[in-house]
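Both complexes below contain subunit A, partnered by subunit B and then by subunit C.
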Partner chain A sequence: MTGLQIAFLALSAVMLFAAWKVVTSDIIVHAALWMVLSFVAVAGIFLTLHAEFLFAVQLLVYAGAITALVIFAIMLSDIRELRGEGEPAGAGLGRRVRRLVSRRLGLAPAAVAVGFAAVMYSVYRATPWPGLPPGDPAPSTLAIGRELFGTYVVPFELASIVLLVAMVGAIVLTLREGGREKEEKRP
Partner chain B sequence: MPTLPIVGEVDTAVLVAQLIFLLPELILAVTGTVIVAISPLLRGRERPLVFVAATGVLAAFAGLGPSVGGAGEVLARMLVLDGTSTFFRPVFMLGALIVIGLSPDYLARRQVPAGEFYALVLFATVGIMLMASTHELLMLYLGLELASISGYVLAGMLRSDARSQEASIKLFLIGAMGSAVLLFGLSLVYGITGSTNLVEIGHALTGGAAATFRPALLAATMFLVAGFGFKMAAVPFHMYVPDAYEGAPTPVAAFLSVGLEGAAFAAAIRVFVTGLGIIQPNWAAVFAVLALATMTLGNVTALLQQNVKRMMAYSSIAQAGYILVGLAVATDRGISAMLYYVLAYTVMNLGAWAALIYLSHNGQSEELADFAGLGRRAPLVAWALTFCFLSLIGIPPTAGFFGKFLLFSAAVDAGLFWLAVAMAVNSVISLGYYWNVVRAMFMEEPATEEPLKASPVFGLGFTLAVLGTLLIGLGAAPFFRLVSAAVVTLP
Partner chain C sequence: MIPLSWVLVSAALLFGLGLYGALARTNAVRILIAIELMLNAVNLNLVGFSRYLSPHDVTGQVFALFVITVAAAEAAVGLAIILMIVRQRDVSDVDRINLLKW
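For the complex of A and B:
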């Protein structure tokens, strides 16, 4: 096993653990911070696969910008804890048993995740994947830029309309009538 | 004209010259942006915006001119001009035009911000038109997201209504989930074929490649069926639909039921027939089962509803089941029948939703009891609604009859007798719940005799939908030729 393979496996383990903590943390800020860790681990995986550009974008956009947005959203809302029905706080045996049957933390979602992983693993193993086409140059930032503003310039512009819609939507859904009314507390 | 550089492998001058084929989408997007920009200046007097939006759609119809006749893949292969896109683009614009016409009274009464409403409808229309007219997976996905995100926002526009918020959240969570599943399927297809162009994908899978990569290809197909299933409201991916349509503003529910669903079918035709045509027996069988489950569950559950808006949600699930028969058959006849049915469904379903919008902007709710005596209070609307219901059931000479007939005969042709029989049985079941509404309108006494009102703009939108249902049915022949020609150009 090469050093790169060991790094790949270690980063994958970190990513999976962090992703699991994102789902199971009760405190939403903790979930957001675990999400940062999983993003960074994904960036590391990109690096082990020689996708340097993706590594940089993953760090800048996901670990940087998206995380900042999520933290701001948490700060601006009054939600601090995530707890579904039948997920009591506190300690003790009863709590542990109830956690086991919870839809978010319990055995059922874990079984689904493991089952899904097993199916996909067998699919990946059973398929003889095509290698990279011969003579394919390693994607450089220059090549990606050329593609982005050449072949893919129409979808690139389309993405800006998607962002415009998201912006209009965020304003429409949060602006209160008259713009001055104080936000009502939800029951 | 100054000389333009060549970027990568793309001649920028050619690209700019070919922007003319994107004219309808550009006009719609610009109109939407203009509406967003000027609506704050109107300070609440937003009613005239309906004319701006409608003018934009009409101009976009005119902008289709250069694209008619088809030119293959243009704009660096991002847009495809063939029979299918020539057919779907005006159909989706017609849907948007009718929805825009039906909306102003409702928006005024329920205090929905009209500017943003029209803008988002126009942006969503850009998305669904692009979904139907591209071979490029990246464009398909961006179009889908554009339409979906607009849909999430539109559904939540009744800000003081908790059910509208619920509809928005449900659409958002399930929609994001559906998109993720779809993307996962697309990524597997890309991994196998090394291309994001559906024609290239189709080529890459010929010559034994489909057999070599079979396990991954089947997994990809599973994810794609599920991903599209969410967007098409196919059973068992439909759970969010009744709540979402019931809570959303009624014009939005109408728009989502024809626009987003129609676009999902158009995109699915491209992905499965053009891209994955070689493994057709695998996915066609899945779609056959989905079609049966969707139409049966939709119709049977619709029978149990007291709220007509919820009933219409289940009815649109059932209709999605009929359209799925086209993909289950997957012959040229099946696909052309599907195109015809999407057109028929657009006008007849919007006609039926229009009656709900009408009641709602007159201050009524959408319970079955509110339809009592509508035949006396608003005879025109009552008869028009009855006509649209006849079309949804599939009774001649309506558009819905010919649509079902085409799907039915395509299924018989392909040897899927059981599916054809299921369609017939389901049409009979659907008679039950549509009849409930008709009986309430004509045979029950109204609570008050007070007549109901509507603005001329609403009347225009409603007339367009009902006339469409009539004309596409009565003058079905040219539309048959149109959809048959549309399919010949599919590879």
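For the complex of A and C:
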């Protein structure tokens, strides 16, 4: 087992554990912080796959921007996920068992998720995959730049329009009509 | 050398975890986070296929870049909508957000 394989397995384990904690932790801010760890582990996996540019983009966009958005949204809007909200009452083992068999939180979503993973695994098992091409690939950043501004220039420009529309939309949606309220309260 | 199947299996497990989170949790923000996890799993698959199946071009990585772009836009708009709903109705539980107009 080479060092690269060990690094991949360790990053993959960190990623899956963090994702598990994202889904199961009781406090939503903790879930957001575990999400950061999961994103960083995914960035590391990109690095083991020789995708250096995506490593940087993953760190900047996911671990930086999206995390900041999520945490700002939680802090700004006082989103509480009360412990036990929407869950069976009680504590300890009894609550866990009731939670496991409840329709909303327990078996049905778990069955869907496990079923999906099992189907994908059987597909992967049945398909013959080619081995790794020999040699280290050339650094991919230059090639990505050429592709983005050559073959994919129209989708690239469309993506910038999508981002602009999303930004304007988010601002318009959350615009508080604060000035008018202040004027009404003053007299 | 990392076998391609390792990448695919860990991506499938990550997608499964995100799917479970999106289905089982009821907090809107946590559902958005779970969706981001699923998009990450898709990106892992794209980068893996790009590295192993077509090592001489970077189409898969460019696709992953576009997925990241759309994910960022989706997070911004989704969180803005959640902020509005919380501000107007003071709920973030999707089971209680069941009216189109109020």
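One rule holds in what follows: the second predicted complex is superposed on the first by the 147 of 187 C-alpha atoms of A that agree within 3 Å, B and C clash if a C-alpha of one lies under 4 Å from a C-alpha of the other, contacts with A are read in each partner's own complex, and residues count from 1 in each chain.
Convention: a residue touches a chain if its C-beta (ideal position, glycine included) is under 8 Å from a C-beta of that chain, and two chains touch if they have at least 3 such contacts.
This is a predicted model, so every value here is computed, not measured.
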Please indicate which partner A:Ala166 is in contact with in the superposed arrangement: first for subunit B, second for subunit C, both, or neither.
both
Looking at the overlay, what does A:Val23 touch: subunit B (first), subunit C (second), both, or neither?
second
Quick one: classify A:Phe46 as touching subunit B (first), subunit C (second), both or neither.
second
With both complexes overlaid on chain A, does A:Phe149 touch subunit B (first), subunit C (second), both or neither?
first
State whether A:Met120 touches subunit B only (first), subunit C only (second), both chains, or neither.
both
Residues of subunit A touched: more by subunit B or subunit C?
C
State whether A:Pro130 touches subunit B only (first), subunit C only (second), both chains, or neither.
both
Contacts of A:Met15 with subunit B and subunit C, given as first, second, both or neither
second
Same subunit A residues contacting subunit B and subunit C, which ones?
120, 124, 129-130, 133, 147, 152, 155, 159, 162, 165-166, 169, 171, 173
Once bound in the complex, which stretches of subunit C touch subunit A?
1-10, 12-21, 23-30, 32-34, 36-37, 40, 43-44, 47-48, 50-53, 55, 57-59, 61-62, 64-66, 68-77, 79-84, 86-87, 92-93, 95
In the complex with subunit A, residue positions of subunit B that touch it:
7-10, 12, 15, 22, 29, 33, 36, 75-79, 111, 113, 116, 119-120, 123, 126, 130, 136, 138-139, 142-143, 145-146, 149-150, 152-153, 156-157, 159-160, 168, 191-192, 194, 212-216, 219
Across the complex, what residues on subunit A touch subunit B?
119-120, 122-124, 126-130, 133, 146-147, 149-155, 158-159, 161-162, 164-166, 168-169, 171-173, 176-177
Interface with subunit C, subunit A side, in the complex: residues 2, 4-5, 8-9, 12, 15-16, 19-20, 22-23, 28, 31-32, 35, 38-39, 42, 45-46, 48-51, 53-54, 57-58, 61-62, 65-66, 69-70, 73-74, 76-81, 85-86, 104-106, 108-110, 112-114, 116-117, 120-121, 124-125, 129-133, 137, 140, 143-144, 147-148, 152, 155, 159, 162-163, 165-167, 169-171, 173-174
